[in-house]
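The following pair of complexes shares a single chain, subunit A, combined with subunit B in the former and subunit C in the latter.
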Partner chain A sequence: MALALSQTAAIIRYELLMAWRRRALLVMGGFFLVTLIGFTAMQPPSQPAIGDIVEVNASANPPTITRRDAATGELIVEEATEEQIQSVPQALRDISLITLSSTQMVVMLVAIIFPVLVAITVVVFFAETIPLDRQYRIRELFNSAPVSSLVYLGSKLLGAWAALAITLLFVMIGFGIFARITLGAFDLTYYLQSWLLVVLPFSLTCTGWSVLAASGAGSRRKAILIGLVLLPGALLLYTLISVQFWSEVMLVGSRITPQEPLTLTMLFGAAISQTAAIQFGFLISVGFLFLVVWAWSRMRA
Partner chain B sequence: MPAISFPHRWPVAWHMAFRESSPWFAAISGAALLITMLFPDLRSRSLELVLPLAAGIQAALLFSPDDEPALETLLAAPRPAPYLIYERLAAVFVIQGAVGLAGTVLASVMVNIAPLTLLVGWLPPTIAIMGLGLLATFVSRRSSAGVLAVILVTLAMLAGADLLLMRFPALFPLHFFFQPVFAQIGAEYFGAAPELLYAINRIVIALLGVLAMLRVMMGMRNTEAVLGANHKTD
Partner chain C sequence: MITISHLTKTYRGGVKAIDGVSLEIGTGMFGLVGPNGAGKTTFMRIIAGLLKPTAGEISVFGNNLRAYAGKQAAKAQLGYLPQDLGLYPNLNAYEFLDYMAILKGVTSSADRKRQIDMLLEQVRLTDAAKRPLKTYSGGMKRRVGIAQALLGNPRLIIVDEPTAGLDPEERIRFRNLLADAAAGRTIILSTHIVEDISQSCNDLAAMRGGKVIYRGSPQDLIAQARGSVWMITTQAERPNGGLTIVSTLQMANGVQYRVLGNPDGRYDASPVEPSLEDGYMWLMAQANDQLARLAASSPKRETA
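For the complex of A and B:
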């Protein structure tokens, strides 16, 4: 067991090192980040407010109001009058419209727009993970070494997942900084949740399908073609999760009442958790595929 | 009598070129064309939706220095190395061109549009995306990068280029799938004839593709670089 674990760790380490040296991670991460920044930059500038009111903190003592100065755009916090409080629907009190708007923007970009880039990129990019060894005749070396096919296949898959997770981590941090500067303050909880519960499992599923389905290919070219065949499946999965996410967010609209305070949990909580549940269901399919590929590789050996 | 010297004519390995250019792609693009033509809304644009993408992917898979067997031998042979690109690109042109021409005739009958108009619609973006795929693979030394570049640029152009033109109309020459109707709108904006704007767009994007192909052919002359002397390889 200890030997298998150390072999797994070593293969993952060298898989990561190879991905780094080939600049694959850098190119993929750079592409993801630039595209996300481009999408954000293309959004029309918005200054969410009801009249000039940005936030009514009715539960504070004394109640405060944040207004945007029409001439300078500066935010001014002052004590609220009863009339000003009443001018804002109850549902929109005690919530910053800037935070609400920027959180909605980043969550939508990350959970709905970004996965389509991931779907297209990873199924083609990671398909060559195992066939590359065959093309460079490394498999013969592996077959002569005391590395079981379970360890080899598992480590390759985990190595690809680790490379992808590191890339996504950098993109998440980079885009978070950019969004904070350009869009203003947003709720970090929902930003992190959309990355960890929507984007990450989706990316892992697509990568898993790609690495495993193309594992039998004899060359890079064949592996890429298998990746292309998988592309419609990945896009179908993307459609499923984006429709699920979007419909949950839309459903919230029908539940909003003027009396009930609108919270970010109400807006995104159900959408993220429902989408995550579907995602983890699909992640199980990678496990089944792994077993099939492993059994097939044992039969072929 | 002075001797007239002709440049040496090297043989072209057609059989190998066709084998390397995955001729079965013709069946895929043909089937995709027929499927898109089943939808009346897509019929007039089916050629420009299918052919650039199919030919681009095929071009991206044509020549990847890291995956080319016996590359050293090929580069050491007396026949100039760019011949590898000439013959394979020609094979892709023949394969996709045949599908494209057949599709043009079929679409022309189905949607009642002049064949030349349809040809001008799909040929320039096909050249541009083929050049892009070939160049991306050559520079990155990996077919996957070329294939990804082709897919992403095609999808981005189809999905977002119209929106981009609304914000930056001056970028119209770079829109791969520029439609005559946009030329009409642009004519009012630029104060020029729509035919001129459309012609500029078609010429510019076809030139982009040709330039990308020429860049690869020029790059093939630098054998050290093709062999990856300056690259961290796998």
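For the complex of A and C:
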């Protein structure tokens, strides 16, 4: 058991080191970040306020408004007139419109736009994980060492997942900084949730499918072809999760009542949690595929 | 002790690479020679647990390679250098050896460092240890391969064509390194270079067509060829008449041929002491003759 753990740790460590030295992670992370920033730049300017009003706190006594001073850009809080309160729709009262629009923008970009980049990239990119050992003619050495097929396959998969997670972390931080500068303050909780509960499980599923399905390929080229064959499946999964996410967001309008005004939780809470539930369901498919590939490799050993 | 009995390997398509081989291999250097396609690499890959035999039994230090657990236990005591060795181009020699050492079960980092430093010194790669492997020459890569085979103090070392691509100086150094490592271990050395066997092995087997056609000491093989090796110097045409030419040397007074067989009175032939290479050539010539006799004695099919 101790040996298996040492072998697993070594395979993961050296997989990461080699991926880093091949510039693979840098290229993938750079691609993700640049594309995400490009999409953000293409969006119409954000509308943080209705007129110059940033927030109407109608439930306060007395009601207040926060508005941005046209000359200095400073935020000024003052008592609201009835006319000012009425100028903001009921659903948008008692919520920071800057935060709402910025959070909406970043969450939609991360949860809806970004997974399609992941789908088209990782299934091809990670397909070579195991065939690369054959390409480098190193597989014989692994097979001659006391490394079980479970440890080999599992460690390679974990190595690919670790490489992916580090890349996503880098993109999450980079894009978060960019979005904060260009879009303004946004709700960090929903930003992090959209990464951890939507993007990460989706990426792990696509990567798992790719690593395992291409594990029997004899060359890098064949592995990439298998990755391309998997692409429609990854895009189908993307379609499922994006439809789920959108539909939950679109349903928010029907849930708003005078007693329950719009909140970020109402807007994204159900969308993120329900999409995550579907995602984790699909992640189980990676487990099944792992068992099939492991049984097959064990049978051949 | 490695015990092999009635080992057979038939590939898809019916090609029989190993045909009923039975052998026992003890400690020390064991040489394996034979022409291309003789089945040497298949034989070694089966012993290394990389290939499943079609039939027969094989036991490595009491571990039955037919069983998964036995195979894993045998692998824990194995150092293997494949014929077609690959390395990770983006790692340096130290990192590569560290990686391989962990996979082989050397989990203590202090022990790993000690072994790696010692092996890098032995294969003279200490100065280049931190350079990426992609910048290494073929000979240097081979030396890294040799070092990884010796990692973890294995009881069985299998080396397939280890000196291919090495210059003479490196070849001799490597041969000596293996000979030093053979104390208390079993080393199976497959090579085309008969001289490597003659300088380092006290036990050998020759394979041909998937069968072992000779098993014994190099001295016995040499002794079998005694009386069949001749030196002929002539200005006329190449010697023929069933003679196998082992070497040709242009001299001032004609051409000197080293031949195997029984030269007739046409040639001024003088007997010479055979080398292991002569013994090997004699063995292969005998095997050819036997095959030809078998083909001639088999009943010919009548054609209508």
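Everything that follows uses one rule, which is that the second predicted complex is superposed on the first by the 273 of 301 C-alpha atoms of A that agree within 3 Å, B and C clash if a C-alpha of one lies under 4 Å from a C-alpha of the other, contacts with A are read in each partner's own complex, and residues count from 1 in each chain.
Please note the rule applied: contacts are C-beta pairs under 8 Å (C-beta built on N, C-alpha and C of every residue); 3 or more make two chains touch, one makes a residue touch a chain.
Computed from a prediction, not measured in an experiment: that's the story for all the values here.
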With both complexes overlaid on chain A, does A:Met18 touch subunit B (first), subunit C (second), both or neither? both
Using the superposition on chain A described above, determine whether A:Gln7 touches subunit B (first), subunit C (second), both, or neither. second
Is A:Ser144 touching the first partner subunit B, the second partner subunit C, both, or neither of them? second
Between subunit B (first) and subunit C (second), which does A:Glu128 come into contact with in this model arrangement: first, second, both, or neither? first
Looking at the overlay, what does A:Ile120 touch: subunit B (first), subunit C (second), both, or neither? first
Per the contact definition in the header, classify A:Leu228: touching subunit B only (first), subunit C only (second), both, or neither. first
Taking the superposition as given, does A:Leu240 touch the first partner, subunit B, the second, subunit C, both, or neither? neither
Do any residues of subunit A touch both subunit B and subunit C, and if so, which are they? 18, 21-22, 136
Considering the complex alone, what residue numbers of subunit A touch subunit C? 2-3, 6-7, 10-11, 14, 17-18, 21-22, 136-138, 140-148, 298, 301
Help me check something: in the complex, which residues belonging to subunit A touch subunit B? 18, 21-23, 27, 42, 117, 120-121, 124-125, 127-128, 132, 135-136, 219-221, 224-225, 227-228, 231
Sort out for me which residues of subunit B touch subunit A in the complex. 57, 61, 64, 66-67, 140, 142-145, 147-148, 151-152, 155, 163-164, 167, 232-234
Across the complex, what residues on subunit C touch subunit A? 48-50, 68, 71-73, 75-76, 78, 80, 82, 84-91, 95, 99-100, 102-105, 107, 132, 148
